[in-house]
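As written, the chain order gives the labels A, B, C and D, with residue 1 at the start of each chain.
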Amino acid sequence: MSDIRVTVWNEFRHENENEFIGGIYPDGIHGAIAAGLREHGFTNVGTATLDEPEHGLTDEVLAQTDVLVWWGHKAHGDVQDAIVQKVQNRVLEGMGLIVLHSGHHSKIFRKLMGTSCSLRWREADEKERIWVVKPSHPIAQGLPPYFENDECEMYGELFDIPAPDDLVFISWFEGGNVFRSGCTFHRGNGKIFYFRPGHETYPLYHKPIIRQVIANAARWAAPAGGPAFPYTKGAINEREPLAPITPKDSKRARIG
Amino acid sequence: MSDIRVTVWNEFRHENENEFIGGIYPDGIHGAIAAGLREHGFTNVGTATLDEPEHGLTDEVLAQTDVLVWWGHKAHGDVQDAIVQKVQNRVLEGMGLIVLHSGHHSKIFRKLMGTSCSLRWREADEKERIWVVKPSHPIAQGLPPYFENDECEMYGELFDIPAPDDLVFISWFEGGNVFRSGCTFHRGNGKIFYFRPGHETYPLYHKPIIRQVIANAARWAAPAGGPAFPYTKGAINEREPLAPITPKDSKRARIG
Amino acid sequence: MSDIRVTVWNEFRHENENEFIGGIYPDGIHGAIAAGLREHGFTNVGTATLDEPEHGLTDEVLAQTDVLVWWGHKAHGDVQDAIVQKVQNRVLEGMGLIVLHSGHHSKIFRKLMGTSCSLRWREADEKERIWVVKPSHPIAQGLPPYFENDECEMYGELFDIPAPDDLVFISWFEGGNVFRSGCTFHRGNGKIFYFRPGHETYPLYHKPIIRQVIANAARWAAPAGGPAFPYTKGAINEREPLAPITPKDSKRARIG
Amino acid sequence: MSDIRVTVWNEFRHENENEFIGGIYPDGIHGAIAAGLREHGFTNVGTATLDEPEHGLTDEVLAQTDVLVWWGHKAHGDVQDAIVQKVQNRVLEGMGLIVLHSGHHSKIFRKLMGTSCSLRWREADEKERIWVVKPSHPIAQGLPPYFENDECEMYGELFDIPAPDDLVFISWFEGGNVFRSGCTFHRGNGKIFYFRPGHETYPLYHKPIIRQVIANAARWAAPAGGPAFPYTKGAINEREPLAPITPKDSKRARIG
């Protein structure tokens, strides 16, 4: 059991606009992801979606979220910059963030990475084989050496991200591409995990092993309880030194 | 000799507004840095400053710059967002970027890092000792195991940056602080170096060893000639696979 | 509470040979470290020492150890190579390893790092201030932004180690040095943490904050339950491909 | 042109014992690699082989080598431990090391990595596609986004190495595997590059793009001219502090 407070955020437009997709995810992609977390013992899972007021990410919701899961695809541009800024601030303060699949192009992921986060892609129902390349990482808990998705959208290198702090998974694709598909990053006091699988037209978030990875990631990304983020109000002028400073015969003007 | 095209950008306000600082840097901080690069054999060094049209960073200047050096302090907010965006784009395409001292809080550095880039600081004329902790790095060329600044402004941890790709220097400060003062990052096809020393009231950019480090960094940060940045126009839909894909009996709607 | 199985290994010679040191650590350095872990809820802590048969690290003990803590100093050379090899094998299989202070020069740490693990040192009762530079790391749990040791032996850069996977702590020393004093490494399926503080003539392993760090590290270093280490018997000839390979008109001799 | 002093080391047994292989590499694998370097302007390339006295790696040869290239396969066990130790020492002092293909299991690579360096493998004439995932790295100079080997031996994950400092290449294999096939490591003052392609039964070291990568790596791995490796004679007792230390009223025995 885990009382980590998870909020699953979903764009939630494909499911309403397309019958096929709505059939795959009758409770929305967020509903499927939340159900997966509950299966894994998470007792404190909420959801939020784009078309709610403030995208469902009010100050109160964000303040009470330990880990935010993010799924978006075709409406990244509709996410308000002010909300994105608040999410970034919360990550720097320590909130975990799990970015799924097409969330690679979301405003929040690009803002935290500082790169284009672009990639090659192809929709051709091809097979993916995901290899665990860092078996000691908590996100690999319970996994075999590799696992497969029989059909999926391809994402391929070059994936324009900063070098990840931990490279946990590399994907092989039937059509000839590879991809760094499980990547961790630390920004401020927050931990970030990018996980590739998932597209609105494939039922991957119902799949047990995908749910296992997301549950592992949520446990890993929860705040670790270290020293609080010190820069909520900016840089700190530490006037008093911690060790004595010999007075210098400085001709320097003191300007500030 | 090196024909790497370097543009040294400087805020260039302190020097005009304050007589003491103007006395230290009669040709501006950019003038001193450019002179240092020329001493080290760079034959292609230009400068640009905040109050020039487009901050001196026109499309033409940026397109002809291999490495951009950035010094700013009190007027970060006056740098136009549109110019910052252009600089970021050029870094992703491969332009090197050297961020000096108070440039840690510049819009461009924060945008590329995705964090607050905040820190502790103190102005107390204290001694700094900079230790080389990655002696194999090209930026350490010609350096001793450590070097010192007799008086300087202190920058201290926690420095809120992503873990650097290479940690080249760690500073010790008389007043009891430490700082990761030489850090490399890769973003897109571009190489970035953050170097701590330098404040408008200290003549550090006239100092030979500081000039050596900046020259080393400019050589290291110049484009390496690898594959071109592919995402100038966004993600790539690679419709044709590179290996044959077995047709699947997919019930999936093809939606895109 | 935690039932992680920890074995605390200690050279255990100083304490018997020197009255002053024996007075600081009447139950041995291993006894003090084990007591600290029990304070933090570890219910499964054993000890082993150099002069026991097989240094107390029999196959059975190693097989039942999740995390091994290592303290050695003046008798590194007396540790048998065959035992060191067994410990390395267990680390690759997933056992955590916490190397303390002068253990930096132990056979096992040098074998796992591949470098000299050498450093600068000085015994002058100087002050150390340890800064947390990765506050999101589990090993920083419960810590303030920095903490101090009033008197200690100095360890200084250059610390000849591979770049750590996570740099958690940097030390400032009164005498002018800095040190990467909390470093993580992953080798095989095992997690390794090097932690600087501690010398036989200082009572640091009785100190609450030092015990906190070691307890945090033991929780972090315990096996994560990912895919098993596959190479206990060497490389794997995976004769059957996972995807079909087009027959080539190869003139290549099949030799192996 | 480059006067970097490169020594290409080869086991040189397959070529003599097997007619097919001897036909591919009539001047030995070392001869082909050396020829490739000369094509790329290296004017100072020597070779050394296993069955020469001291394996051709005398103290004099090692002292005059900036970058050592290593190819071995079936006779790793015949390399003398004393020579391996000398090579490691030279790497720590700053000599570059390029380890090719089956050299992953050489004594020197395993000693420098501290892991098993094991992997999955298959000989089935399958296709390999090598993707550049760090285009800003000097080793990627002149390369396209990916390149291919039409037939090769497969090496697959899990590759049991420490996380590389830079991951430059990832390979896709026809048979369903992936591999981190271009990896950099820093050990001591030395730079190390592991490059996957090459097997005695394929003529890959005659191939222009493979030669390009090896030439790029040799330029990158050459000593950078930073501070000298300080620990040739062990740790340094820096008795004199660099900053004044307040005398403590210590009851500590001074033991050393």
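Following the convention adopted for this analysis, a residue touches a chain if its C-beta (ideal position, glycine included) is under 8 Å from a C-beta of that chain, and two chains touch if they have at least 3 such contacts.
If you're wondering where the values come from, they're calculated on a predicted model, not measured in any experiment.
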Chain pair with more C-beta contacts, A-C versus A-B: A-B
CA centroid of chain A to CA centroid of chain D, Å: 36
Chain A and chain C: spacing of chain centres that average the CA atoms, whole Å: 31
Interchain centroid distance [CA atoms averaged], chain A/chain B, Å: 27
Interface hub residues of chain B, defined as touching at least two other chains: 127, 129, 132, 134-135, 145, 156, 158, 163, 165-166, 174, 176-177, 186, 188, 227, 229-230, 242-243
Touch-based graph of the chains, sorted into line, ring, star, complete or other: complete
Complex interface listing, chain B residues touching chain C: 129, 131-135, 145, 156-159, 163, 166-167, 170-173, 176-178, 180
Sites on chain B touched by chain D in the complex: 94, 127, 129, 132, 134-138, 140-145, 165-166, 174, 186, 188-191, 223-230, 242-243
Complex contact set, residues of chain D against chain C: 14, 18, 20-21, 88, 92, 105, 111-116, 118-127, 150-151, 154, 156, 158, 160, 162-163, 165, 174-177, 185-188, 200-202, 227, 229-231, 234-239, 241-248, 250, 252-256
